[in-house]
Amino acid sequence: MKQAIFLIQCQDRKGLLSEITTFFYSQGFNILHCQQYTDIFENKYFMRIKLDMTDVVTTRKKLESDFDEFSRPYNLNWEAYYSDCVQKIAVLVSKTSHCLYDLLVHRNEGDLHCEIPLIISNHPDLEYVADKFRVPFYCFSIDKENKTGQEELVRDLLERHHIDLVVLARYMQVLSTDFIQHYPGRIINIHHAFLPGFKGGDPYRRAWERGVKMIGATAHYATADLDEGPIIEQDVERITHEDDPDELKRIGKDIERRVLTRAVKAHLEHRIINSGCRTIVFSK
Amino acid sequence: MKQAIFLIQCQDRKGLLSEITTFFYSQGFNILHCQQYTDIFENKYFMRIKLDMTDVVTTRKKLESDFDEFSRPYNLNWEAYYSDCVQKIAVLVSKTSHCLYDLLVHRNEGDLHCEIPLIISNHPDLEYVADKFRVPFYCFSIDKENKTGQEELVRDLLERHHIDLVVLARYMQVLSTDFIQHYPGRIINIHHAFLPGFKGGDPYRRAWERGVKMIGATAHYATADLDEGPIIEQDVERITHEDDPDELKRIGKDIERRVLTRAVKAHLEHRIINSGCRTIVFSK
Amino acid sequence: MKQAIFLIQCQDRKGLLSEITTFFYSQGFNILHCQQYTDIFENKYFMRIKLDMTDVVTTRKKLESDFDEFSRPYNLNWEAYYSDCVQKIAVLVSKTSHCLYDLLVHRNEGDLHCEIPLIISNHPDLEYVADKFRVPFYCFSIDKENKTGQEELVRDLLERHHIDLVVLARYMQVLSTDFIQHYPGRIINIHHAFLPGFKGGDPYRRAWERGVKMIGATAHYATADLDEGPIIEQDVERITHEDDPDELKRIGKDIERRVLTRAVKAHLEHRIINSGCRTIVFSK
Amino acid sequence: MKQAIFLIQCQDRKGLLSEITTFFYSQGFNILHCQQYTDIFENKYFMRIKLDMTDVVTTRKKLESDFDEFSRPYNLNWEAYYSDCVQKIAVLVSKTSHCLYDLLVHRNEGDLHCEIPLIISNHPDLEYVADKFRVPFYCFSIDKENKTGQEELVRDLLERHHIDLVVLARYMQVLSTDFIQHYPGRIINIHHAFLPGFKGGDPYRRAWERGVKMIGATAHYATADLDEGPIIEQDVERITHEDDPDELKRIGKDIERRVLTRAVKAHLEHRIINSGCRTIVFSK
């Protein structure tokens, strides 16, 4: 079944739900799902609406231009997505394979509706994983001198492949602000700690030293300010004093992989709206 | 802020969301929250809609009769609730106090918006708990002979106090079918196991014997068929081989209390719609 | 059944387990439970050993002096506890009652093996809770002027009642370093965040602003350095964008109460050994 | 570091811990870890002891024969394992790949210390997964006629490869009692429900129909009585009314894979002792 999803945000006012749903109804759409959220502190309104496109005689262009006209008096900020557009993901990795595997496996099993046309790394180590799943692998080794130039090459590659979403699956390089701003809300990073705890490097060792009783992982959109981007998903697992830093790393791998995969899934299903440093993540 | 909540169910058809929200909007209501669910297997539509009643010049009677008229062509099955109606709960207990305490404490702390005008038991043991919280306590001891008569007295008491919800907080008596059918969807029971596992008696011992690695509890609406009522809430906790049946009982107490309190809270907030043996539980 | 529990720590060396258990066995004790942990980074050894004291003809004094003599060559650091010594807890509170209730209820239900001879507050608000459970309530209101003097009075009270453990159940006053050092490893605090995230004040609002997807609570021993004490127990709960700061506070209350009660329980059962800023918490 | 692990069970009696640890100490071993459990209902004693074998001048044969002699008066039931013996796993699958992937990936990442010399299936579908990881794939299609013969061939294959553990990773064939008894405590199955709930077929649909609020998975040793074998590991995930049977299946896949992998890991690390229909699973 072909579906369209509209993500809408605007200033809150009375009647929005009625008027927006009536617009779609009057155009002959069956509304499959409609979720709203009102941020009463910022007086903002958010909506995700899923439409059944089967049996509807219109073009996307027409639908969007009609909705645009309708939305103008309300000053709606909106985007439309269509279920038959398969999004393209580039996965950036360094040396650890667990998150990459989880993305590839879930894609292969049909649980992530996307294409992964390329994997990019600053190390050659994971080429064998890419090979297993027959995904082209590009290696751009990075040092102080060539960093800017190599990033340029990565960007070219992403553009040439029409990449919709960049996933940093334990990519151990800081991206330039310029790069990040080029993909607003379209770069997802996994941090191997329960933010805002243990920002920065070596979180498992620091968790062990601090003696916490649970460790976690955080998937967030990348922003210029590292580890401060809008959080999409977090999870934790209970640990004990017996778990040394290596064991925390091992336990953490399973948390990281599921947190990242869930975040990517939510993004691919157009269930996320960004609002400042917070995310609205609608349930499926 | 005064609010009204409508719980609606009907056969699914196109346009319901638009038409229902337009009805309320055209009457001048601000819709605070609107949640829907479509059961595609049974082709049924469910909605919970929360309205801001401040600044609205109408009576409940008028609102309900207007909505009734509006709803007739759609064959809606609906109920309206108002946030300033404080519901009355009767708690039925036997000898264990943990669930009773949790309900009383959450009520006292303002986390359960209700009155508890009476506690009923078939044993005198928990009178001291009722006394602490200054709630009248009624004891109807039950044996084979007097069961029907005593139940009659309980029902009289419930009716005289205009009880909206009966909570079986580890009440170790089977209620008659007649009693249960008198309170459809208005009796919540806590079962000390993760249904459908370990129906019936002594679930903690049986869980120990079976060697499960997690135990749980289940809050459900009471129906004539014991342990088969619509489930509202469940939770579990991890156990190990070291936990003997007594320890399971102790761990289980904490699961039972939070599961029952959450279920009662969801009911009090009018977040539950029953559909056969399944419940639709809307998030707050 | 009367039991003794020895908590032991020392430098790691070969043969400790054999020699210590043989000591107790040769004295005629049945070892009910024996748990060890070796910190290979600090080369330290930790042991908890539980002995059956029934049928043993010795005095505690004799047992302890024999063990002391035995332990000297190994340079053991140890403490002995006896199951028939009921510990005395003082609960310090301010204005919120949820943790206090949870401690009192669990004590009343027999799940916390202790006495609570007094509740101390800097506000009169919770006297009614103390009254319900017939626990003496002392109020020492605190301002800039009288802080040192009032703390003095609290300390007098704790000493006069032979208090074993001080529980800060959302006590909103910073204790003096002097006070804290007087009770090393005997003051448990609950912080309403998942440390090391959101140290300091107003963590729920800050959690909301940061947009985290889970909130938590942390029970730890109080040390001079606030929010840096050894962590005993943590737990979290999943939240969504719909949960505003007040809702986080409400969800948090249930996390705080269970985390604090579990930590106090572990302490009362002599399952905790402190090692720098980490805790060894043996499972029961 | 080379290590030996002894798993011991016997009737409980005083002095066992002291005498067993003294045996190993007197032989010059450093005990790295020692865990015990006493089942007071059956009066049985269980122990797992991990020894450092570096610097020890003895043979395994000598160690085992010495321990055998030592153990005779205590009537110990014991097994010895060595960390440098890499166990061999055969994975049996049908058509769904998620559990298979998870085992292969965890093995590849070094989180499962084992070899997987072959994958066996009754369908050709998953050959491509085996190929990716360069594991030989054998397909024995099964119908009513050939079932016994095909099972014979599977057994031959297992024996020729000196398989230590058979993992049924969603293998949709019932094994014969004869087969199962040939591998006592050495066949692990994953059931896609939280046992004892939803034994038998199609558990996700039945979970949906029953309206449970959490679904789970169970890894257990296979016994002649299906779904009744000793449980090793279970886990659950929260669901809502919105999750239809297909969605439950998808959520369930992630539960199944982690439950099975954890169970296999516990087995490979010799942390499990079977006792009737219960398992003792020691923490690492």
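Observations on the structure shown:
Letters A, B, C and D mark the chains in the order given here, with residues in each chain numbered from 1 onward.
Operating definition for what follows: a contact is a pair of C-beta atoms (placed from the backbone, for glycine too) under 8 Å apart; a residue touches a chain by one contact, two chains touch by 3 or more.
The model shown is predicted, which means the values in this text are computed figures rather than measured ones.
Chain centres here are C-alpha means, and the one lying farthest from chain C is A.
Comparing chain pairs A-B and B-D, the larger number of C-beta contacts belongs to B-D. Between the CA-based centres of chain A and chain B the separation comes to 37 Å, rounded to the whole angstrom. Mean C-alpha position of chain B lies 41 Å from that of chain D. Shared interface positions of chain B, i.e. residues touching 2 or more other chains, are given as 240, 242, 283. Per the touch definition, chain A reaches chain D in the complex via residues 97-98, 101-102, 105, 108-109, 111, 132-133, 240, 242-243, 247, 250, 253-254, 258, 283-284. Listed in rising order, the residues of chain C touching chain D in the complex are 14-15, 17-19, 21-22, 24-26, 30-36, 38, 283.
By the touch rule above, chain B contacts chain D in their complex via residues 37, 40-41, 194-198, 209-214, 216, 230-236, 240-242, 244, 277-281, 283.
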